[in-house]
Amino acid sequence: MNAYVPGIRRNPLGVGLLTAVLALWVLYTPGVEAVLRFVFPGETRLIYDRSPLTRFIGEHLALVAVGGVIAIVLGTIGGLIVVSPIGRPFRDVVLRLANFGQSVPSVAIMALAVPSLGYGSRPVLLALVIYSILPVMVNVVAGVESVPRSVVEAGRGMGMTRAERLIQLEMPLAMPVIMTGIRTMLVILVSAATLGAVVGAGGLGVPIMSGIGSFNNAVVAYGAVPAILLALIIDQAL
Amino acid sequence: MASSTTSGDRPATGPIPGAAARARQSDVVIGLTGAGIGALTTVMGPYLSFRPNRIVDGLSQTALEAFGPLGWLALALWALSGLVALTRPRAWTGAARAALGSSAVLTLLAAAGADAASFAAAQGAAARTSFGASFYLALLAAFLVSYSASAETPGRLGRAVIALFPVIALVALAATGALAELGIVREWMLTRTTFVRELRRHLFYALGATGGAIALGIPMGVLSARSRHAETAIMGSLNLGQVFPALAFVGIMMPILGALGDRFATVRALGISGIGWAPVFVVLLVYALFPVTRNTLVAIRQIDPAVLDTARGMGMSRWRSLFEVEMPLAFPVVLAGVRIALVQSTAGAILAAFVGGGGLGTIMFFGLEQTSMDLVLVGVLPIVALALVFDAGLRVVERMAGGSEESYA
Amino acid sequence: MIELRNVTKRYDTTVAVDDVTLTVPDGELTILLGPSGCGKTTLLRTINRMVELDAGEVLIDGQSIRSTPPEVLRRHIGYAIQSVGLFPHMTVRRNIATVPRLLGWDAVRIEARVTELLSLVGLDPASYADKRPAELSGGEAQRIGVARALAADPPVLLMDEPFGALDPINRERLQREFASLHRRLGKTVVFVTHDIEEAVLLGDRIVLMREGQIVQTGSPEELWRGPEHQFVRDFFGDEFGLRILSRHRIADLEPGATPQGASARVHLDTNLRDALAIMVTESVERVTILDGERVVGGLSFCDIVTQVRGSL
């Protein structure tokens, strides 16, 4: 869809470096305190001390992983249905709805899901899944449709069945586009999951929001830095 | 941008064989799906819930249970719209079934308003009548019916009627006061002054960030198109910004802008500080810059090199060529970037509520605190509506400017 | 008159134009001819400073082109290229009016000029002026491209394979039209092509290039009769003679006696190549020449060949 393909991706050195920094930040609290004390000399409270950061990042990763996997599975199935002869009629309307989905803030879905699902991780998971299924579908559709017709026709001419063409030709050739979609989706999920703290799902949003609530920039940074690192790692690694 | 001037033969204008039949099939299938979902939502699932006050759990009913004969009428309307979808399309069939679907929803809406009024009369001002999942699915059903109906309607006028009929009917219905006792309307009435203030602030974020993105992003895109070095630097950093999680990004901007405000009097004079609107505004701006800059870059890059070559060859200066040739040719694609930025900023401005920056998100938070979904909706629905209106409006402008429907969505 | 003196242009490792010295006389149509990549386009674009020189200089009417700012220079030199480059967002009228607008002509004058030019290139002004480039066929677009290049009546016209993208029938029609246009307007034209047929048909002079250098310069007849290099002979090939014949008409030759017996009939303005073709088709060795309905003499196959050798 995007004619602009950004430059260098998959930078193993960068990923390693970022991961190391993230690990240090999460595991070596005294070091983090020293850094924060240096940057925010005015603050007396430097970190969120009611729970260790490992717990928040664990919750965060769990949300992203579970939400992401569900979205990938459902989104891929949905996308393949939409490009199949049976689902073809729904192609345009699904793309239109995906576009509509952009205009609904993810935190709004969380808030609206609370009455039926209660506080905790379930409304957040629902929001994450709803929010990311459509982008995955869009990229599956775009990917499969980007495969040159001549290739598929050649496969047909050589006697491949529809399924064989899909598995041996269309999916592998669509993979780069699909992967771009998945990467974008995961980055979005990392961001959306920080908002989950609003409805009690935990995650790195907890220290960030606690810091914001108490006008304590050190605590904000304590949670924000690993969230940013996580997003960068996912973006660079995939 | 087709460089069709270079090829001797003209593009074929006739439809691809089979495409018409496939489009027709698609209209029927989607129209029937919509009618089917609509019918199901009438007989199944929670349509309305009645609660004596905001806190306690209430009674949920299906449309048939709640409205009796009017429920049956809605069911009949849905069924009719499905039947019309199956008939051979004529000039009026699209408008007819769209009207049927919309009428089904509007009928139930009116009925819900009446029920809410009698419930409120019995229970007092604290009573809340709210919509359940079935109602929202019915909205989806009405959308599907209208979507497919619009696709089978040839005239522009007919399509305008299909799009505007439900809006006008809804406004008319609301004007009669028939909906006044519905929970969402009551909450809106109660928060009206706050609502107007937060709506204004929300628009400030959305329009401000987009305006800033236009002012900065277009020159940055032009610069990127001119030089690979600029492209690497600009698109590289914008890409990076895109990846930053929103809340964390705002969190990081707070101390940075705070320090800037402390250090420089001019920055402070602009009202920029570590709290309030500035951190959110800056983050929204960074996000909004990406689509505008990228689309400007791509749009200029894809201009036929021969066009730029002759512009130069006939003696246009760089600026002249930029304003007279490159920008007009890039315009539809740049506009698509602006549209994406605006929709994104409108949804994204909900973030401001997290840091006390105001906006419609504030109302959503009120609702969350008071466990009032109606109040949450008072905050959320206008955001979605604004985003959709911006999206549709700019798409119309794009089409008039000659852009293709799907340019860089 | 355009003079190029020791012109050199390098790109990284390639020398696109290598120490070229060339004079383009006023009013003539000079062809830059040569295999792909030999530097024709680069050489052409040095003249309107689309390419800046590494060494040497270019003079127009004795004045160095470096003494004029490039934009101003270009407004007085027509420019037409193979891919036309019409501005897709502007009407035909506005496209043609580009340089006049840059030069600040008033609206009335521009409108008159647009109408005049459209007629000149054989398109009906009333129906074409308001079209967009996307609504034009390839041939029409190319005609507009030529009209646009002529808009401000520049004394010099640079053309880079202007008819290269057209189908053979359209190409030949435009070539003939352009040849007569050139005879009428008397512009100094520098015309790039790699099509030998086109070069021989249109060129008053041909500049044959190879690897950035000039191999030989002269009229097509001069190159045909006196190739200074094996490359010239190889490049033009065995059909060179036939192509030369197509440049000349029966009227250019001394007619002989009217043939007795079997002969074909040709007109004074039949070109020699066609005349030979008619002889072959009708299996005769002589033609009877008609001026209108009147017989004015005759020529044999041998007459034609000998006369062409000797006199043209």
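Just so it is clear, A, B and C label the chains in written order, and each chain counts residues from 1 on its own.
Definition applied: contacts are C-beta pairs under 8 Å (C-beta built on N, C-alpha and C of every residue); 3 or more make two chains touch, one makes a residue touch a chain.
Source: prediction; values computed, not measured.
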Using mean Cα positions, find the chain sitting nearest the overall protein centre.
B
Out of B-C and A-B, which chain pair has the most contact pairs?
A-B
For chain A versus chain C, what separation do you get between their C-alpha means, in angstrom?
62
Per the C-alpha means, the centres of chain B and chain C lie apart by a whole-Å value of 58
Where the centres are mean C-alpha positions, what is the separation of chain A from chain B, in Å?
22
Residues of chain B touching chain C in the complex
1-10, 304, 306-317, 320, 325, 328-329, 402
Give every residue of chain C touching chain B within the complex, in rising order.
48, 50, 70-76, 79-89, 98-99, 102, 133-134, 136-139, 141, 145, 148-149, 158, 165-167, 170
Chain A touches which residues of chain B in the complex?
22, 25-26, 28-30, 33, 133, 144, 147-148, 151, 232, 235-236, 239-240, 242-249, 251-252, 254-255, 258, 274-275, 294, 297-298, 302, 343-344, 346-348, 350, 354-356, 361, 364-365, 367-368, 371, 373, 376-377, 379-380, 383-384, 387-388, 391, 406, 408-409
Contacting residues of chain A [partner chain B, same complex]
1-4, 6-7, 39-40, 88-93, 96, 99-100, 102-105, 107-108, 111-112, 114-116, 187, 190-191, 194-195, 198-199, 204-205, 208-209, 211-212, 215, 217, 220-221, 223-225, 227-228, 230-232, 235
